[in-house]
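Structure below; questions to follow.
Chains here go by letter, A, B and C, matching the order in which they are written, and residues are numbered from 1 within each.
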Amino acid sequence: MSRIGVFVCWCGENIARVVDVDRVVEEVAKLPGVRCAVNYKYMCSEPGQTMIRERIAAEKLDGVVVASCSPHMHLKTFRKAAQAAGLNPYLLEVANIREQCSWVHSDRNQATEKAIELIRISVAKVKNNHALEPIKVPVTRRAMVVGGGVAGIQAALDIADAGYEVVMVEREPSIGGKMAGLSETFPTLDCSQCILTPRMVDVGQHPRIKLYTYSEVEAVEGFVGNFEVTVRQKARYVDITKCTGCGECSKACPLKKNKSEFDFGMGTRPAIYMPFPQAVPARPVIDKNVCAMLTRGKCGVCAKKCAAGAINYKDEDKLVKEKVGAVVLATGYKLYSIGKQAGPIAGYGEYGYGKYKDVIDSLQFERLLSASGPTSGKVKRPSDGATPKNVVFISCVGSRDNAKGLTYCSKICCMYTAKHTMLYKHKVHDGQAHVFYMDIRSAGKNYDEFVRRAIEQDGAKYYRGRVSKITEQDGKLIVRGADTLAGEPVTIEADLVVLAAAMRPADGVTELAQKLNVGCDQFGFLMESHPKLRPVETNTAGVYICGAAQAPKDIPESVAQASAAASKVQITLSAAELTREPEIARIDEKLCAACFRCYEACPYHAIEKAEVRNRKGELVKRTARVNPGLCMGCGTCVSVCPSKNADIEGFTEQETYAMIESLI
Amino acid sequence: MNLGYYPGCSLHGSSDDYQQSLKACLGALGVSLKELDDWICCGATAAHTLNRKLSIALPARNLALAARQGCDELLAPCSMCSLQLKKARKAMAEDLALSAEMATIVEAKPGGARVLNLIEALERVGLETIKTAVKTPLKDFKVACYYGCLLTRPPKVAEFDDCEQPESMERIVSALGATPVAWNYKTECCGAGMTMASEETVLELSHKILADAAAHGAQSIAVACPMCHVNLDMKQSAIEARYGSRYGMTIYYLCDLVGLALGLTPRALGINRHFAGRTA
Amino acid sequence: MDFHVDNLIQAIMPGDSISLLESLAQTRVADCYQCGKCTAGCPRSARMDKKPNQIVRMVQMGEVDAALKSEAIWQCVSCETCTARCPKSVDCAAIMDALRQVSFERGVTSKQQAAVVLFQKAFLDSVRRNGRVNEVEMIAQYKLEGFAAMRRLDLLFDGAMLAPRLQMHHKLHIIGEKVRDRDLVRRIFARCKDGKE
């Protein structure tokens, strides 16, 4: 016979005002199996919990029902109390008589009846509950960070400084991301590389950071605490252990005029190149698509010049496996491609990007401004190298544009456009900046003052209105826009036009996300677990996100999120074993028919196709098997299992039917 | 190849040189045109300006005739007509109540005939076919391809080419051996139906088009709309007088150019009935 | 005037007028965030008394009367550039059409409007009579009514210089075409007028 204790909480006035708690206690005490029933003003308080513990001991209870607020609030509290009294915590249930009763009904009689019924159901369930033990999963106490931009760098340094080994995987030949290519950053106008490169060097030299550059994640297996990641190290054709970074190879390379990726096409680089002088690692890579030796078997000058013998034309991609306990995705962003586009996201044919040389995007302009850029920091127009005297900056190109397919605001453009006007004015004293905008979004610390400075002190002209069309006439760009505040159309003859293109997730992120079972939103940004309260976690345990990969944001926010993700990683790695809630799926392998419908249906890939063998090693049967590290207890397998074999611990079919039957 | 043919009022009126050119050119390409019997005006600007229901009903009547006469495809060489027919067709397809209302008003079920503008019709014939049929390539012809407003806008209704940087006419012109020039006023408005009610508007807007075409080295402008032709051709001398410029710009219908390349004479194509530029 | 829009026009409150215009235009004015791209691309905006984005703004705010009285809606050439480029897919050209349709119903007020409306009316009258436009008949009606209504002598003689040349190129068709089923055309016009035959 069961020995159940029922504890009814008043929750001050929240429950007691509507539900007659005395009558409830009187009625539920009569339920078969109930040994004691009491009520108290605040069950979650210290005296309330003490009451539960003392009753469990005194009455030798083997099951507890607490009738109170939502289990979301205090289920853990009450279960800890039960555990302290020696009762398995999973033999305690919460009946929600507040959110589902007293807060939504006003009739006292009806509410009281309902509260009694709710408790009746929970009592029926508890009688069928099994004692459960939390699941322990071993943890590999190492982390991986995918992406070597400022967010990835910050996350890696935080985790490594906390004492854990970090494997960083970066797609480009050097870490640094987009920030390494910026000129100066808002609102301080700090030189971007000056503040970033020390961090890059820290990463390169950190004893606990293993850096794979020019590499990508090929495959991921496993689960939280136990990931095995296969990394593809792309062939550099340069042995970076032998190479001294002297640069003679690049100087000697005869194929000098290739569009530079780092300069976004504004400059050129040789076939063997270091992306920029401060690269980490400071080693070159050969572009296998243009190198004469690799494409046609001719040349070989770089190998001849290399005193260290580091050139290796026979290099090949390598696959390496790394075991880690947690993964941080910090893959960053790219800019929206402005010209004609295929697919649901349309381009801006009306702006002539790609058609007119002097219509460029904001990252391209950054390279022109950068002191180490293709024009040594002088603002020169791409078409003829002349200094532009009238530069038009257009905001919201791609962003906030339902018709083109991107409805969101890219957050940083208002700030960097103001910055661009200031840097332009500082370099071209007799130049005039014109900005076409819809709104100014400058919500950070010292941000609004920064934008006002651009207008009030550096003379930028701001027109509130969008630009309809750009055409080219006699070497000038005719920009047709509007000034809605003055109520007039405005035409400007510009020498250069800079388009603030929308921030988009980096290429290939959706494929990477799929490898890790992380979701993406409709625009391709990585999905956080909860937009308010869990911005750096994902719905896959052990995988965290940070930076612009999650949504458009600036450097301070990316750095903050990176540290947040690092902190979450440290929680995961903090113990040698991870404890998981045991309320997960259970499959009776004796009865399983191995139809594998659950395997197909499981959204977390938590079900394996396993084989059962006898002592001789012969195959006895196949079965579906739940991976206790991955299962999130969603119940999908239960609903598809045709033999009613799969079940959820803590929410078994038997418990559920008992609840229903108790009402009939 | 057979195509249903909806001339529209202009092609039977003062722009019947367009019809002459079209028939000669398409005839030479082996396209036979079956004129829609008892077609009525599409309503043009007047209907959509003054009465929404009428602006859908008049095209609906023509679509009903097309259905009854077994025309699945209808060539409408005037871009206003082609757009109004496409607009009505789309509005009815998306709103069944409207479709039913129109069926009552025009006393027949409007069908879903596909509407083609001149360029779409030539594309149906096929660029390769046209290229092969060229007898006298139009080398030394520097042509500014002018789309005007209604061939490509609004994009969701016209569903034709790219509304910002269209290239379909250029492809045909190139196939004829001519040189299409790159210029800035491909899709800018000529002033449309304001020719009589607000002549100033047409003079100003069409002047910009002529000036830009000339500035980019064009000797002629190709059009696929009779209204654009009137504004650029018939009004050219008025524009020259107003703005003190001399253009002498020949305004060809696209089918004029195709016809010339196929070896037809300017007279056969009605080019001698144009007002400005080279008319022989 | 021969043609009317829906009878709903009778008692118009601001909220009603916005819905009426939206249902004629099949678009939602609340979607517009006043970016001004329509004004920027409009070939006529420099000469308009109210710019396209201001017209939409007035409709948004329920100031429909002001929009109906503007010159702008009659200066518009229906080039559809505004609609094609609007980032919120607001059909600005259709709103202009809807305002014209409603303004016509209420009576015209300015010389600019008068000329345009008389022309369109002459066009539709010709279609109603013949099923197709008879250009000579249409132009004659426009000029005579225009002179009568606005005392504009220039209208009478505008374009007269073109006539000889048109004749020379056989472009003047004095005897226009008539469709066979003209009665159906008249019934169509009547039904679109106010639902009655």
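General remarks:
Heads up, the rule we're going with is that a contact is a pair of C-beta atoms (placed from the backbone, for glycine too) under 8 Å apart; a residue touches a chain by one contact, two chains touch by 3 or more.
As the structure is a prediction and not an experimental result, all values here were calculated from the model.
Most remote chain with respect to subunit C, judged by CA-atom centres, is A.
By number of C-beta pairs in contact, the leading pair of chains is B-C. Computed centre separation for the pair subunit A/subunit B is 52 angstrom, with centres defined by C-alpha atoms.
Averaged Cα coordinates give subunit B a centre that lies 22 Å from the centre of subunit C.
In subunit C, the residues that touch at least two other chains are 81. Within subunit A, the positions touching two or more other chains are listed as 350.
Multi-chain contact residues of subunit B, defined as those touching 2 or more other chains: 163. By the touch rule above, subunit A contacts subunit C in their complex via residues 350, 396, 400-404, 438, 464-469, 480-484, 487-490. On subunit C, the positions that touch subunit B within their shared complex are 3, 5, 24, 26, 43-44, 75, 77-81, 83-84, 91, 93, 97-98, 100-101, 104, 112, 115-121, 123-124, 127, 131-135, 139, 142, 158-159, 162, 165-166, 169-173, 176-177, 179-181, 184-185, 187-189, 191-193. If you check the complex, the residues on subunit C that touch subunit A are 33-42, 45-46, 51, 53-54, 81, 85-89. Those residues of subunit A that touch subunit B in the complex are listed here as 340, 348-350, 355, 471-473, 478. Interface residues of subunit B facing subunit C in the complex, by the touch rule stated above, are 9, 12-17, 38-41, 43-54, 57-58, 61, 91, 104-107, 149-150, 152-155, 163, 188-189, 191-194, 196-199, 201, 205, 234, 272-273, 275.
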